[in-house]
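Handing you a structure now.
The chains carry the letters A, B, C, D and E, assigned in the order they are written, with residues numbered from 1 in each.
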Amino acid sequence: MEALGQISTLHYLVLAAALFVLGVIGVLTRRNVVIILMSIELILNAVNLNLLAFSRLYGLHGQVFSIFVITDAAAEAAVGLGIIIAFFRNKETVNVDEVDLMKW
Amino acid sequence: MPDFLTAYLQSNVTPGEAGSAFWALIYVLIVFAGISVAVMAMNWLERKALAHFQIRLGPMRVGPHGLLQPIADAIKLLTKEDIVPSAADKFVFWLAPLIILCASFTTYIVVPFGRAHAITDLNIGILFMLGVSSLSVLGVVMAGWASNSHYPLLGALRSSAQMVSYEIAMGLAVVSAVLMTSLNPSGTGTLSMIGIVQAQEAQQTWFVFKFFPLGFIALGVFAIAMVAETNRAPFDLPEAESELTAGFHTEYSGLRWSLFMLGEYAAMIAVSSIAVTLWLGGWLRPFPHWLAGQSWDLVFSLFPGLLFLGLAAIAFVGVGRMPKHPYFKIQTAGLAGFGAVLGLIGVVLFIPPVRDRVQDIFWFIAKVAVFMYLYIWYRATFPRYRFDQLMKVGWKVLLPVALGVLLLTAVAGILF
Amino acid sequence: MQPVATTFFFYLLAGLAVLGGVLVITRRNAVHSALALILTLLSLAGLYLMLYAPFVAGVQIILYAGGIMVLFLFVIMLVSIEKSQKEEQFNKLWLVGLLAAIALGGLFIGVYVKGKALFPEAKVVLEEGNNTQGIADYLYGHYLFTFEIASLLLLVAIIGAVVMAKKRI
Amino acid sequence: MQEETKPPVPPSPGGTSPPANPPVVSPETASSQAPSVPPHRAAAPPKPAGPVPEPWISPLVAKLQGHYGSGIREAVSYLKQNYLVVDPSLLPQLLQVLRDEEEFDYCVDITAVHYPERENPLEMVWILYSFARNQRVRVKTAVKDGASVPSVTSLWPTANWLEREVFDMFGVRFDGHPDLKRILLPDGWKGHPLRKDYSILQQDNEWVQINLGIESGQ
Amino acid sequence: MPEDATKYLSHLELGEPDQTFLDSNELIINMGPQHPATHGVLRVILKLDGEKVLGTECVIGYLHRGVEKIAEHRTYAMFNPYVDRMDYVAAVSNGLGYCEAVEKLQNIEAPPRANYVRMILTELNRVASHQLWLGTHALDIGAMTPLFYTFRDREEILKIFEKYCGARLTTHAFRIGGCLYETYEGFEQEVLKFVKFVRPKIDEYEDLLTTNRIWVERTRGVGVISTKDCIALGVTGPVLRASGVKWDLRKAQPYAAYAEMDFEVPTGQNGDTYDRYLVRLAEMRQSLRIIEQAVEKLPDGPILAKVPKVLKPPVGEIYHSIEAPKGELGYFIVSDGSTQPYRVRVRPPSFVNLQALDIMVRGQLVADVIAVIGTLDIVLGEVDR
């Protein structure tokens, strides 16, 4: 444990980057819309972690912003899931590759 | 070691604040064991009280007046076959009761049983409690889904919809109480559980009487919402046995089922503790200012000991009324022993250092017990709401009332 | 209150968060994905506590773990997962996506390491006791307009969600 | 039904059955007793003269007879209870008239009695009641085995289950019934148990074996 | 009527069930036969739109014992105990209807004392039946406590039955031609004592429920059935009376000695579950009134008429019906002059009333189905016979 040393801001940033990348991989590669939405949540959380890590350096602004990000995530989840339900009702699937109509 | 103990006895902060990991651990163990025992006692009391409401006797066979019934039940549940439906999602099925249990037990980290009798004092205490207790919704949804059966799924959907909707009214009622904590010269309130009680102490009134009737209405909203939140009668639709058999835990049996029960009762005690802390002055004794003074302090500090002596007296009356037949010899001896233990506790509680140390906890528990009794009373009296009516009560009655109380509290806070 | 064993807890929580993230994007069953995401969210809440942001941690637990994820689980239960489980889980561009994402991650880390010099030496003293008040001051003072915009956003989201989820569009 | 001249009163045990016979009759004999057609003179002789069927004279009957003529075979009053025996061809109209014009708005019961020896073995019985008159009337008609009877579900929705039960128990088909299927017995059951040719010990062994997995239900 | 007759049709067009609960236009849910709220072995198939009921279909017959067939193979007297097994919570009423029907057919008259004893026992049984109904109905709606109260008080009635004829539930209290047993020593006092005991208890049930907000919300406007629908569906008993029809066979066509009794027929206006609850409670009070009067007027004399050893009713048929606690209970008996009935048809009130379930729950919620099944007061032993 000692070898790893004191936890610095960089540690948090690397963790946030890892989560961000995981989220991006999910968004780019998965076909299930629900899981894509969850990956987006993962990305938003990585951003939050970044904001909080920097807020240790620059003051409370980061924390306030992370609250806004969480608000945004809630709004996004509500609308996104609404879209998924509407989509599923019409297409009987949650596969994003099948969203290939401009109109139904 | 004695130094350690005396140092502890003289400290007046929670172990979390003191940064004492050892005492925090001890507290965690004590609180969790205490809650488990309280759940068992509550179980017994509920069965007995409900039985007497319903002109029955309730458990009578295991131990005198069924006193050992919870233990017998626990043994039965532990040794029961653990059935997992073959089509269930095994992992989630296994995880769900644990989540509910953890969610309801974790809340006790911030419950202040006394100024120094909490595991720790988080400065977001009430937020933490609401947040963690809202996690039990996850357990409910998971249990319903993992059972892979219609009734549990419908029960879980109902139950989670109910919990999520009542959380809002509950949160607003809590906010109005938190708002009251800011009515001090510095103008800053607190979210800390201990801070809230201290604010009531400083303002010389319980928040239930603050801006009467605003505090009272807020407590009312919270008291209704907390019954719905814990899925108890008359809001126990998720478990409406006449409609959905047993709701989300239909497929559970044995140990896992008992974990659900444990979680449910622990959550009941937890939300009651919130109500007591926020509105009923937490660990403060009744009439701290009206009946102030040394002698009154002394009188009130005698209550715990007197209560236990009273219980012991009841036990001994029971011993006297036991049938004299040799068949009841063990039972009689058991009851006498129980009475003796109660009496001993009562005597110990009269020792001055113990007395001073314990009376906070006593008043807190006494207030929580009132709410526990109310739970039983509701269950004996009320029919069950229908789902749409329940939603109507939550959204169209409690929510506007809570909002109004919040607004009026803010206005009152500025004016007075 | 001084955090204890910071290093240990950081690695524990970071490990759990990454594990959860990996599970989110690899699980076949969407419910398991959601549970993994909850694990990530809770460990992140722990990390927020370590970053002296208890209020954000509380909000994270209430809103994310207790609210948004319940919504997710609801929707997953409503849409039939049996069918989607049998389908191919990843789209055809998975390799490209993976490479792009890893490149992005490399870029990030590179920037962080290079830009380490930009981080101020001295940390701001964030008082845990005043955290909530501080946030409130910013929220209702400095960021009041943003706050109002956020409430408008939520209103729009509510209307949007209701419209979307209605039976007939 | 055309050449039937005798009123279709319930059968008597016939002259062969001595009145002082021991009461216990085995099921087989009971069901195979020949209900011959002689009219009601067979009322137990030793009894004090009990009530006998009398013609039912009332404006209602007069009106119906004026309307339907010989379609109303008989209008009888027995034990202060009135019944009409009518031709099956009159059926839906007559019942509709009774309901709409004579205020017999409550259909108490629909049932049947099986007389295997008769030419028209299934006697259908409609029991009607009028709230306005506080009066009951029974409408009876006899139909051939396998014949179907018009359904009165459109007149009285209550007939729905009652007719299903008659179908279940007697095998009478009802024309125009929306959902004629068995009600008390399981759907695949063979036989109609309340017919006299269905022994009390009889059961659909095949059904029992397939669906219950036991050799026999008895 | 034919144009709106379709609204009474209860068979469901069962489509492909939707597994997802999402477009739940055709969610089919099966309730029973093993379900705690179906009062026995009733199976109801529910077609739902979300929680809203689009239609129901009852599947009955799980308790079918062929009572009518058995009757054709028993003598008149031997069949008497079987009728107790139909509506087993109101066995005395069943027996009364059967005995009176056979008496009419045989042209015997029960002595006045027998009629009064019959009336007392039948009314006691009506109270017991309504008490059992109230307890189970309240339990279905979630109020647990009334069940224990009503069962405590029903116990006293069962004790009287037990003392009178040795049985508590399937009493076989009456015989053709009267009652077999003379009343026991202190019967009158005990019955009067019971009446005095139970009056305040009925107020007690009312205290618990009548003004209870949740109870009122759960029952008012739930399972409404109009007078017209009631008559069209042949619904009788308290359900009909709660819809505003003042019709009680005890008044309309008095049997036993009801003509000499002074009592009222309680009615409701709205035909909803709450009114049916009030009507039944009022009926219990009226029953107590009848009992008091009957005990007061209880004449002396023989309790059993002279009945031939072997009953051979003359050829003919009879339909006799009484007001059972659930509605019109009729017996249609065809005699061929032999010792055994040629055909016994029972017109079961529960069976006919159960048909109204569909129209009462359409458009309501699933939870109301349970309330409505409870308020119909069905006994599956009678539905299935």
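By definition in this document, contacts are C-beta pairs under 8 Å (C-beta built on N, C-alpha and C of every residue); 3 or more make two chains touch, one makes a residue touch a chain.
Quick caveat: nothing in here was measured; it's all calculated off a predicted structure.
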Pieces of the assembly after leaving out subunit D, positions unchanged: one piece
B-C or A-C - the one linked by more C-beta pairs in contact: A-C
Maximum centroid distance from subunit A, chain identifier (CA atoms): D
Mean-CA-position distance for subunit E and subunit C (Å): 62
Between subunit B and subunit E, centroid-to-centroid distance (C-alpha), Å: 45
Mean-CA-position distance for subunit D and subunit C (Å): 76
Rounded Å distance between subunit A and subunit B, as computed from the means of their C-alpha atoms: 36
Residue list for subunit D, restricted to those that touch at least two other chains: none
Residue list for subunit B, restricted to those that touch at least two other chains: 153, 157
Multi-partner residues of subunit C (at least 2 other chains): 55, 59, 67, 74, 77-79, 131, 167
Complex contacts: residues of subunit C adjacent to subunit A: 6-8, 10-11, 14, 17-18, 21-22, 24-25, 27, 30, 33-34, 37, 40-41, 44, 47-48, 50-53, 55-56, 59-60, 63-64, 67-68, 71-72, 74-76, 78-79, 83-84, 87-91, 93-94, 96-98, 100-102, 104-105, 108-109, 112-113, 116, 119-120, 123-124, 126, 131, 134-135, 138-139, 142-143, 146, 150, 153-154, 156-158, 160-165, 167, 169
Footprint of subunit B on subunit C - complex, ascending: 1-2, 4, 29, 31-32, 35, 38, 54-55, 57-59, 61-62, 65-67, 69-70, 73-74, 77, 128-129, 131-133
Complex contacts: residues of subunit B adjacent to subunit C: 16-17, 19, 21, 89, 91-92, 95, 120, 122-124, 127-128, 130-132, 134-135, 137-138, 141-142, 145, 153, 157, 160, 164, 167, 188, 191
Subunit E residues touching subunit D - in the complex, by the definition given at the top: 1-2, 5-6, 8-11, 60-61, 64, 66, 68-70, 72-73, 75, 104-105, 107, 231-235, 245, 247, 252-253, 310-319, 321, 328, 330, 332, 334-340, 342-343, 345, 347, 351-352, 354-355, 384-385
Sites on subunit D touched by subunit E in the complex: 9-13, 17, 19, 21-25, 27, 30-31, 33, 35, 40, 42-44, 47-48, 50-51, 53, 78-79, 81, 105-109, 111, 113-114, 125, 127, 131, 134, 136, 138, 153-158, 160-162, 165, 169, 178-179, 182-186, 193-194, 198, 200
